[in-house]
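When the chains are written out, they are named A, B, C and D in that same order, and each has its own residue count from 1.
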Amino acid sequence: MESLEQIRDRLLARFPGASITLVTNPGPAAEHSLLLSAEHARKIAMFLRDDAALQLDYCSNATGIDWPDKEVVETKKVAVPDPAGGPDKVVEEKTTRLEPGYLESVYHLYSMALRHGPVVIRMRTVNRSNRVTLPSLTPVWRSCDFQEREIYDLYGIVFDGHPDLRRLLMWDEFKDHPMRKDYVEPDDFEWEPTPHGAVLDRAKTHYPAPEVKP
Amino acid sequence: MLGSGILKGLAVTAKNFVGSYHDPARMVTVQYPEERSKLPENYRSFPLLVCEDAADPMGTLRCVACQICEKECPPQCIYIEKSKDKKPDATGKPQLYPTVFAIDTSVCMGCGICAEVCPFDSIKMDQVFEVAATDRFTELLLNREQLAKPNSYYHSIHPTEAAEVDARLAAARLAAEEKAKAAAAAAAAKAAAAATAKPAAPAQPPSAPPTASASSTAPAPGAEAPKSYSRVS
Amino acid sequence: MSVTAEAGTFLERAPLVLRDAVVQWFPAPLQWLAHHLITIVAILAVFGVFFAFTTVAERKLLGRLQNRLGPNRAGLPWIKGSKLFGLTQPFADAVKALTKEDIVPAAADKLLHFLAPVLVVAFSLMTFAVLPFGRNLIPVELDAALLYFFAAGSATELAIFMAGWASRNKYSLLAAMRALAQVISYELPLMLSVVPVVLVVGSLSTSEIALAQGGWTFGFLPHWHVFTPWGFFGFLLFLVAALAESNRAPFDLPEAESELIAGHLTEYSGFKYALFFMAEYFGLTALSGLGVTLFLGGWQAPFAFLEFIPSYAWFMLKLIGMIGFFIWARGTLLRLRIDQLTRLAWQFMVPLALINLGNAAFWALTSGWSGPLQFVRWGVSIALVVGPFILLGRGLNGGRGPRTYRYATS
Amino acid sequence: MIGTGSAPSPFGQLSGPTVRKVKDPFHGDLLEVSMGPQHPSTHGVFRMDVTLDGEVIVKLKPVFGYLHRNHEKIAENTSYLGSMPYTDRLDYLSSMSTNWAYALAVEKLAGLTVPDRAQYLRIILAELTRLVNHVCLVGFLFNDLGTSFTPLLYAFREREKIIDLFEALSGSRMMCNYQRFGGCRVDPTPEWLAAASRLVDNFPSFLDEYESMLTGNEIMLARTQGVGRLDPKHAINAGITGPVLRASGVNYDLRKVDGYGFYPRFDFRIPLGDHGDTYDRYMMRILEMRESVKILQQAFRELPAGPIMDPKAKLRGFRPKPGEAYGRLESPKGELGFYLLSDGSPNPYRYRVRPPSLINLTLLEEMCLGHTVADAVVILGSIDIVLGEVDR
């Protein structure tokens, strides 16, 4: 299989308007990925599937990732002129900047015909609001059907063009998206008084334990 | 011919019918409460805490309340409170001990990770699987008195593993002893050297006597446990 | 019914003598009533107990087929630790069924929902009336006994339909429809498999049919119908049709556990459920009894020197054997689909039963052949059975068969 | 939701059949049945909203989530090691394979190597798991086909012998929690290996008997051949993997394609079906078990001595470097993948399971359309799902 850079270059030549970025993976696995812009993603996916040299006919895995808003602290060295006329004083100035978060969907593509892979492609939403959309790749790979429904369910990415976008695992009336990092479990989640979850507190309140019958 | 497959199937079931009367490879059923199949040595159910002395389990717990198991426990069913004071452990080093050690066995899934990560060979997996209670909120929350089992019991359920652990602990104790001896010797030498200059200070071993059994030096369990936690009355 | 007890061993005569003795206690105008009541009570008692032990036998037999022990714990409640090989299990089950809450769905048709289990037991019990359980031991002597039997027997399916419809449950509804399809399909082959017997014997009366199978060829081969080509084949057809008629595996489509949960029984609980269960076993027993009567020589002993054993014991033994076979088949076979079930009936069993009818006619016409012609008679008869069986079987199989597979090494 | 929003039922509200009027007067009414979550043949709490025309399925919608416990969220709040026992509970019939898949992904993420003996042990246990899983599947499939538990209990009898081995080795029958990052947890004793080898040698005779019981049975052939066809083109596009895919004739087995572990050292073949129907899917399992026996026999012959853990692997305080990895292997049900994203902390930042059971259900509706209720149950049984993995 050609390298990811070659694929990117070929894609850029084929789809001139698209923005395709190589995202490197610093870990030992070194499975780098291509970040696709949302508007061209489905066309690119079609190309990847049907291209004779790639034939990525099999989308193994589709998943979402949540990257919450992050406060980035930047330190800048600023030279402050000394009012006394001496040499400039170098002062470190801290600025905090809110880096907006985003939701990401990642697809692992393989070729069953040519037995190569994976080619990892990813797409990012603009922000983390509730109606963030990405193009659905289900028309390209049917295997994304349930997986995109799951991403929609758990992360709240709305997939445009998905034939049947409903919640997959949570019930239909459920409101939140539980896999987001800022998800807060509702208090009345389990109406039954159960020791699960709050076991640590319970251990404190319930100690001493009852008498052990001989 | 139509029907031959059916006849073959009937023959197989007939064979199994006859076989169930004489062939133990076919008849594998065990009449459970009366007959029991032998548990393999590696079998694990719920955790237990190993103590050295059955007579004084609370005084001789191997647990030093390091809380590693608490952190690693996947369902978070362990709760530990450290002691304020220290007492000597199996190797004779003064260590903390758990004033509270509770495992909620209604949450515990018996994965054995606590036993695996325990660096002090204190928490091990029991083989009691007939655990039943009438109340799932309190009776299955085991405290340290219920969890503590003597080393001899541990030997009876996991003989191979317990022997390894004992050998390891003995080696550690020996090393500690030698270290203490060396330290004592060094201190003595130092003291002797000091004594030549200033013959006043007597030599003092740096730690509690390692040869002494842990149980004899440990304070009585009821005495040191905070009042609110003492169950035995 | 012949009232006079014939000569025979005491045991052979015992049931009739006992009945006549009890009848004598009643005043003469009531004797006919006492006579019939005693018969009814005897049937209920004998086959009630027989039903109880059939259930436990089925469970134990299935258990052994599946390398399990089966129920073996229920003993006597007042003796601690008694087990009795689990033989008291059915009584414990009965107590459980009686004490369970009876749940009727809110949307159900209450009347039909109640009537269905009552009717199903009543109809299945009615079939016992015409079975000759032994020499002269037949509750009602009817000339058209076989017709009566089938009329009563197929009515049980209507009760099943009633149960399925009245439950107002989708699964029950599907089961009810299946039951109807099944009864329509299998009444025909069942009757057609019986007609050769009627043809050869020349009577619809079950006691006559049983009597006609007495005697031995060469002194050891009984004159049972199953030992003739047409009889053997008719017996096979009868077995399959009886399985379907009594809703037993592999034809338990109305109750199909893996598809329809419990079919028409889904909304039944407690004693009503037990009644359905009872009716199923009564139906099974009655059909087995009919099979024994028609093909396996009824109450006739297999060998002349064994005739000292009373006739009803032989009947019971054969009955138990047949029920054992049904249990064995249940432990082995898998269920057909409803379309395959009807196809099997219409495309395979009905034509074969018709051919077998012709075969029986040939057999009846050639009864005078002897010497080498006897071999010709047997040969022609067997060919008439085996040829169509293989041809139709091939058609039914429709090119299905074991396949060979290819392998990849990389 | 299907089944609730339609015309008022003529039978009342509680359990009456919801009959929907169809315009075509010659077509009759359709019956909407909710098969599951309490149904004997949905293999757990799976539900199918089925619309029936008579007994023929005209629409089928799978409904998931009744066993959902957000395994992925739990794993993101637990250490890497702490997720290992949870993976047992994904596909609880084949926990050894699931363990390995997770360990494989973590090893890829952290760059750990696995000693030779552990590689062999993993293959032994994964193949034993394959036997357990397939033997269960076949038993359950026959139960769905309407046998009175007999084949299922024969299958469970053999499964019992194998999970007794698992218990003797790992301490638990089903929740093995055996694999570790960079090796295995317990080294088997020679007695265990001898017992396992004996069992494996006896396994083909069991398979022969099992096959002679029902493979050639006419009812079995009629019920399975031609039922639930799946053509390879759609199967590939729908991401269907494992024996279900190979029954459609696609030669794609990760043991050969990826050659993970020491599988390239082993001599085995991949059975392939030509029809893609239920019978082929059933036979794939039987034939794969025969090939697994070959792998196992070779593994027992060649098992080397040596350590079973990578000395670099740390049990406590395991923190892989930032990065991501997707590890996948051929579990008995298909391609089981774990996608892990590390941010350098002790807990995975993103932990994702690619469940073969769920994705193999993608084409369930297409496979069932036009067949009857009885077939739907059998088709579902032949796909081989475990709800612990479907719903996670």
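In the analysis below, contacts are C-beta pairs under 8 Å (C-beta built on N, C-alpha and C of every residue); 3 or more make two chains touch, one makes a residue touch a chain.
As the structure is a prediction and not an experimental result, all values here were calculated from the model.
Touch-path distance (fewest steps) from chain A to chain D is 1. Distances from each chain's CA mean to the overall CA mean are smallest for chain D. Ranked by number of C-beta pairs in contact, the top chain pair is C-D. Ranked by distance of CA centroids from chain B, the top chain is C. Averaging C-alpha coordinates per chain places the centre of chain B 63 Å away from that of chain C.
Measuring from the averaged C-alpha position of chain C to that of chain D gives a distance of 42 Å.
If you average the Cα atoms of chain B and of chain D, the two centres end up 36 Å apart. For chain B, the set of residues that touch two or more other chains comprises 2-3, 6, 9, 12-13, 16, 26, 28.
Shared interface positions of chain C, defined as residues touching 2 or more other chains, are 65-68, 331-333, 397.
Residue positions of chain D with contacts to 2 or more other chains are 150, 154, 157, 213-214, 216-221. Chain contact summary for the complex, chain B toward chain D: residues 2-6, 8-9, 11-13, 15-16, 26, 28, 40-44, 68, 71-74, 109-113, 116-117, 119, 125.
The touching residues of chain C, when paired with chain B in their complex, are 61, 64-69, 328-329, 331-333, 389-390, 393-394, 396-397. Across the complex, chain A meets chain D through its residues 25-31, 57-61, 63, 65, 106, 108, 112, 115, 118, 120, 141-147, 154, 167-172, 178-179, 183. Listing the residues of chain C that touch chain D in their complex gives 62, 65-68, 105-108, 167-171, 173-174, 249-250, 252, 256-261, 267, 330-340, 397, 400-403, 405-410. Those residues of chain D that touch chain A in the complex are listed here as 1, 64-65, 68, 70, 72-73, 108-111, 234, 236-240, 250, 252, 257, 320-326, 328, 335, 337, 339, 341-342, 349-350, 352, 354, 358-359, 361-363, 391-392.
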